[in-house]
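Labels run A, B, C, D and E following the written order; every chain starts at residue 1.
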């Protein structure tokens, strides 16, 4: 039981290592964003699940922590990707599909009165 | 023993962050580096067995300070000319 | 371990002082102040560390009877807790002044503020 | 030339700090003051598992009171300085994902802040951290929907009421003959339970509400003076 | 045995934070640096969790929750600043 948890934690840390290597090697901002969200979320969640196996009496706080990571990390990456699209950071030369261009007309501007 | 190595690494990373925060050309990168300095300081407090201080540093020293800095930067929006002026 | 954190804290204090003294942009001076503050807190917490000690919170792993042998010093930690919050207040106040100064002169270079009053 | 002079000053200061490092040889036991706080009968007199909270709220409670006063002064000066500009701003529409998740997250974050300052005597955390977390919930709400108006009257009433209750609870200890800011005005309870440690959770909760309201006010001031170029 | 494996895991996480620092230093645009900051935050959460096991104190997990929350908020506010719609 404890050994299983330790091995899952080790696998999670390997996923984090892969994520950081990908962060250095990827060609443009959007690819780096994808690596920096998906892989790190998976790695952190795997590490925490391994800790649940290791220490079953801590499950409440660990599940809360996993919930927080799953809720916050993709949302922040989404907001960041949208911002970097709007300030026109160039794509890599191998990108072929741009679906935001199709419905760019639907992005209205919000007026705020003070 | 392993904590000693972790402490040395964290100290080196924090000094690098302080260097970036002082010398980088873009103001926004300097502010992000200051926030990262606070985050690493928070881990250092955990290693020094002070979880109360670590929580305060993560919430206030790193989070809210960065937020206030960005509100001010958004109000100011220094253009590139002024940045050259500074060096 | 506490030696290394102590030396790191002192080096960060010196780096913050260097930033305060040499930079010309007001925002950078405030960043130097924040760095200085962080270094000071690291020094105070590392002075409080007791070798092999654990956090001063008594639960299942530390009982009341052996508290005096196991925990680290809680007094400097309480002081640092106060100091961090006051640091936020001072930083917010300095940033509000900086905003006001930029409204007046449209510049943040500290060389351009030479008037005795404004 | 000027930089050389500053460098000499910094190096001189560093060499002045060097004896502090070389004479420091680590602590192998607690100092006498902390030894007094960590004695078993003194711990059971306060009955709070978190010793840092015990020091912040009771032994050195006057420090906390001064700190809250400083925060109040800061909020007042910032509110005096930053006047609202009468401009119309154009902002980009937030995406649906961000709005929905903010709606979902704000109550959870407020609940987390309340948990942090109610459990201040059992786990790390307390009034200041909980207040900062509540202020971060307010700022997330302002980011997700910039058109919402915060109710200033509510926050000001909350802040002044909590400050009054804090000072009143402190003075009640003196009136009952126990000492200013003593925590034994309420029953001490069982060690390590939620309803224990006398007045410490009550006082820390009101400190948390006050700090949260003040920080929200400061951040809202900084947000409301933004203008378009 | 378990402690050895977890020490190796801590070493790997620290290595990944160090590699992320390369991107923080060389990154061309500001968005790259923000992504590196985010990755460092999320990696540190796993680090704090393992540290809580190694020192056998459950209270450290509270710190990790606050840590993740404020890191998320900082990233969002930087994104809104870059978008010029703060």
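Keep this in mind: contacts are C-beta pairs under 8 Å (C-beta built on N, C-alpha and C of every residue); 3 or more make two chains touch, one makes a residue touch a chain.
In this text the structure is predicted, and so the values were computed from the model without any measurement.
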Every chain in contact with both chain A and chain D is listed here as E
Both-way neighbours, i.e. chains that touch chain D and touch chain B:
C, E
Would you mind telling me which chain pair, C-D or C-E, is linked by more contacting C-beta pairs?
C-D
Report the chain whose CA-based centre is farthest from the CA-based centre of chain C.
A
Taking each chain's centre as the mean of its CA atoms, how far is chain A from chain C in angstrom?
31
Chain A to chain E: how many Å between their CA centres?
12
Inter-chain centre distance, chain D versus chain E - centres from mean C-alpha coordinates, in Å:
24
Could you list which residues of chain B touch at least two other chains?
47, 51-52, 54-56, 59-60, 63-64, 67-68, 71-75
Two or more other chains in contact with one residue: find those residues in chain C.
2, 7, 18, 48-49, 54-57, 59, 72, 77, 81, 85, 92, 99
Note the residues in chain E that touch 2 or more other chains, in rising order.
10, 17, 34, 57-59, 62-63, 65-66, 69-70, 73, 76-78, 80, 83, 86
Go through the chains and record each pair that touches.
A-D, A-E, B-C, B-D, B-E, C-D, C-E, D-E
Okay, in this complex, where on chain A does chain D touch?
71-72, 75, 78-79, 82, 86, 107-114
Applying the document's contact rule, which stretches of chain A touch chain E when the two form their complex?
2-3, 5-7, 9-10, 12-14, 16-17, 19-21, 23-24, 29, 32-33, 36-37, 40-41, 43-44, 47-48, 51, 54-55, 58, 61-62, 64-65, 68-69, 72-73, 75-77, 79-80, 82-84, 86-87, 89
Contacts from chain E onto chain D in the complex sit at residues 59, 62-63, 65-66, 69-70, 73, 76-77, 80, 83, 85-86
Write out the stretch or stretches of chain C touching chain E in their complex.
54-55, 57, 59, 61
For chain D, which residues count as touching chain B in their complex?
50, 52-53, 124-126, 128-129, 132-133, 135-136, 139, 215, 218-219, 222-223, 225-227, 229
